[in-house]
Amino acid sequence: MNDSRVEKWLLAGPPMLFMLALFAVPGAIMLVASFRYPGEFGGLAPLNGLAQGFTLETYRFFFSDFIYTEVFIKSVAMATLTTLFCLLLAYPLALVIARSPKRDALVLLVILPFASNFLIRVYAWMILLGPQSALSEMCNAVLRWFGAHPVELLFSPFAVLVAMVYAHLPFMVLPLYANLIRHDRLLLDAAQDLGASAWQRFWRVTFPLSLPGVYSGSALVFIPALGMFVIPEILGGTKDMLIGNLIKEQFLVTRDWPFGATLAIMLTLAVMLIAWLAGKAGGRHA
Amino acid sequence: MRKMWAFAVFLFLYLPLLVVVVYSFNDSRLNAEWVGFTLGWYRVLMGDDEMLKAAGNSLLVAFLSSLISTLLGTMAGIAIQRYRMRFLNFLVMAPVAMPEVLVGVSLLLFYIQFIGMRLGILSVVLAHVAFSVGFAAVVVRVSLAALDYHLFEAARDLGASPFRVFWHVTFPLILPGVVAGFLMAFTLSIDDFVITFFTAGVGFQTLPLRIYSMIKIAVTPEVNAVSTLLMLLTLSLMLLAMRLAPEALKGRA
Amino acid sequence: MKYLLLLLLSFSAHAEEVLYLYNWNNYISDRTIERFERQCACRVEQDYYSDNEEMLARLAAGAAGYDLIVPTGNAVESLIRQHALRPLDKSKLPNLRNIAPSFMNTWFDPGNVYSVPYAYTITLIGYNSEKIRELNLPVDSWAVIFDPRYLAKIKGRVTVLDSQRELIAAALKYLGYSANDTDEKHWDLARDVILKAKPYWAAFNASSYIRALATGDIWLVHGYSNDIFQADQDAKAAGRKFRILASLPKEGAVLALDSMVLHRSGKHPRLALSFINFMLEGENSAELTNLIGSGNPNMAAMKYILSEIADNPAVFPKDMKNLEMLRDLDYRQRRIMSRIWTEIKLR
């Protein structure tokens, strides 16, 4: 019994200590910051005694105005769409990779584009979606065929979504792959022997077993997608502000750290709420 | 059908990349239409010590931080899955949920005003580890979740020590997950701008920092060239790793 | 290999002094740096920022070690009031006399105790010469950016700066107020003007409009004079049939004067001073203008500046009285403006 206690802390101790130092302490600093006044020049106002320096001002400001909640709702919708499309693209791919004899090479192929630079990939999408690009012209030729108005692909929610899906895809593929590769082929063979069709085998055997992969992949896409700000900044049009942009703005433009910290804390709470709801809905799988 | 789909997804992944590579050979500053073939941008790059140094720093940081975070993440993943440690799970996952700007600013405050640390490569590596441990832990958990727990019990019943069980049973089984975690941590680190921006000190530049500061004046194809080279380098390093440790990437038990 | 070599070099070259310069990207010519390095037998290390606020945020969190920074006026003011700057020893700066008097003794640093003017840019209208002529649009007024009557002709081909201060300042100017007006009612009016014009704009854009102008994807922008110069250079190099021209609206515009200042955390103030004096020499200062098309406050530099830049009224305006420098806002005003900006971006 004692042995397993030792084992437990040998395993859990180092990551726990590391995260306590590098996440919990800075996180606490920010929590405290959200109850402070901003400094005149940025940063935080100097603290004169414990009683005066603290306020609920930023939280009041947040709730006094529905517009910030609107930004949240919009960002959650965008992150949800991103997650759904990632899942749709990644699942069949992960399945093919997990069952391929060349799976190691294929995994490398998935990750390789992401060794180039993020910004340069976003710029590549800008070129691909630009009004004079082949893709745009093809798309508009088809639209004209149907008698519809031509569209602009760049600087639109569509462009933002495409790049968001693109940027987060590996974080869906890899957890799915890590799960699918451990599935027991014997189960599928048995199902086939029992006369299950390919579709039935997938829905009754493979998919339920892969749910942990689906959940983790979704978390690893949804959560970072929620805080994303570079993509809407570069590819978005005149309406594509997300919560990530708003938070970044508080630190890098408005120099309003307390409000930025408040927004970030609301975001973290929203993520935890959504995770909890998903856990409820997913029941035992979560 | 499924293979077609996979092919289409690969097309989606590589289409922008094709643009990146092709334009690195384009004889135009503008990144617009094809003008003519040139190796000029590679020549510019070879003369640009700052850019090369930044690329080198990026690779170094990515390797160090993904190694450490894979190690910590694997330990955390196993501990969370085996002992149901909810608090540890919260600790490693929370930075994934926190917006990057907040992680960056709070780490900078922490480094400078709490522990008086000198900013530089170490502060950047530690910061990268902090946000990528969660990613590694998750994949390791996922691969453990798919395993048959009786396997470990059987091994124990046969009298294997915990260490032997881990090394001969658990580790080979979760290896694909560990490798996937490493790869995720690697891409996260090599692409990170926001957190690096805050935690890098005077005179320490990574490639994303260098490139982001260039967007103000339009990115030249030199950046395409350095991206292309970086990809080639990563590819060869990974292929080399596969050669040296063929078992490591195979995911066989 | 180069990288390894550099690593080795940086180990062996520890004895030589290093000047840490925290500068805008591409805001000094490599040749200028090389000349200075030869002259002082030292090394210049640069870090870059692309936004004043970005630089201030990093300093506010405690980043340190920079000898020299090149902030814009309102950021200089903010740094002075934070006591973050070192007063300049003017006896080490004989070349200070080269600066035109109109750029000295500004509101943000009366008497130039802390700052020396470096270069300036103006936020104005940039446009595609061919398209604007075809569409017959008047580019001498902010109306072309804000009035739906004109915008209807050019829908989806216009971008504006992704900067709350700059865009609201332009709208305030269009309405006939000062760019530094802090009356919230006027801000609301500016917001309404922007919201009415917004459906016709393609995007809020921070930087890629340079490329979009030069490729011909975008025809009209609210942007910085040096960016528009850059877009024109690019269009010329790519052999485009059109030019990218700049126009200073008659209602007036924002002028951003960047100055060299010494940060208190820097360890080499003596070297930094000799750098400032070096940059004040006409030839060195002109090199920057010829590189990026920025305005130049240095009188001794004028004779080295290419005539096409020197004669361009959008870079060197004849009449400076309609130009305003943005002043810093206090935190309550900043919060209100951010709230207005959120509404602008969301609606």
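Every chain is named by a letter (A, B and C) in the order it is written, and numbering of its residues begins at 1.
The rule is simple: contacts are C-beta pairs under 8 Å (C-beta built on N, C-alpha and C of every residue); 3 or more make two chains touch, one makes a residue touch a chain.
Computed from a predicted structure; not experimentally measured.
Of all chains in the assembly, those touching chain A and also chain C are B. By count of C-beta pairs in contact, A-B exceeds the other of the chain pairs B-C and A-B.
The chain with its CA mean position farthest from that of chain B is C. If you average the CA atoms of chain B and of chain C, the two centres end up 35 Å from each other.
The geometric centre of chain A is 16 Å away from that of chain B, both derived from CA atoms. Residues of chain A found to touch two or more other chains are 123, 132, 251-252.
Multi-chain contact residues of chain C (touching two or more other chains): 54, 57, 61, 206, 208, 215. Residue numbers of chain B whose C-beta contacts span two or more other chains: 31-32, 105, 109, 212, 215. By the touch criterion given at the top, residues 3-4, 7-8, 11-12, 14-16, 18-20, 22-27, 29-30, 89-90, 92-93, 95-97, 103-104, 107-121, 123-125, 127-128, 132, 166, 169-171, 174-175, 177-179, 181-183, 209, 212-213, 216, 219-220, 223-224, 227, 229-230, 243-244, 247-248, 251-252, 257, 260-261, 264, 267-268, 271-272 of chain A touch chain B in their complex.
On chain B, the positions that touch chain C within their shared complex are 28-33, 35, 46, 49-50, 52-53, 55-56, 105, 108-109, 112-113, 119, 197-198, 201-203, 205, 209-210, 212-218. Of all the residues in chain B, the ones that touch chain A in their complex are 2-3, 5-6, 9-10, 12-17, 19-20, 23, 31-32, 72-73, 75-76, 78-79, 82-83, 85, 88, 91-103, 105-107, 109-110, 114, 126-127, 129-130, 133, 135, 137-143, 145-147, 162, 173, 176-177, 179-181, 183-184, 186-187, 190-191, 193-194, 207-208, 211-212, 215, 219, 223-224, 226-228, 230-231, 234-235, 238-239, 242, 249-251. Taken in their complex, chain C has these residues touching chain A: 51, 53-54, 56-57, 60-61, 78-79, 81-82, 156, 162-164, 198-199, 201-204, 206, 208, 215-217, 328, 330-331, 334-335, 337-339, 341-343, 345-347. Against chain B, in their complex, chain C makes its touches with residues 2-3, 6, 18, 20, 22, 24-26, 45-50, 54, 57-58, 61-66, 206-208, 210-211, 214-215, 227, 230, 234, 237-238, 292.
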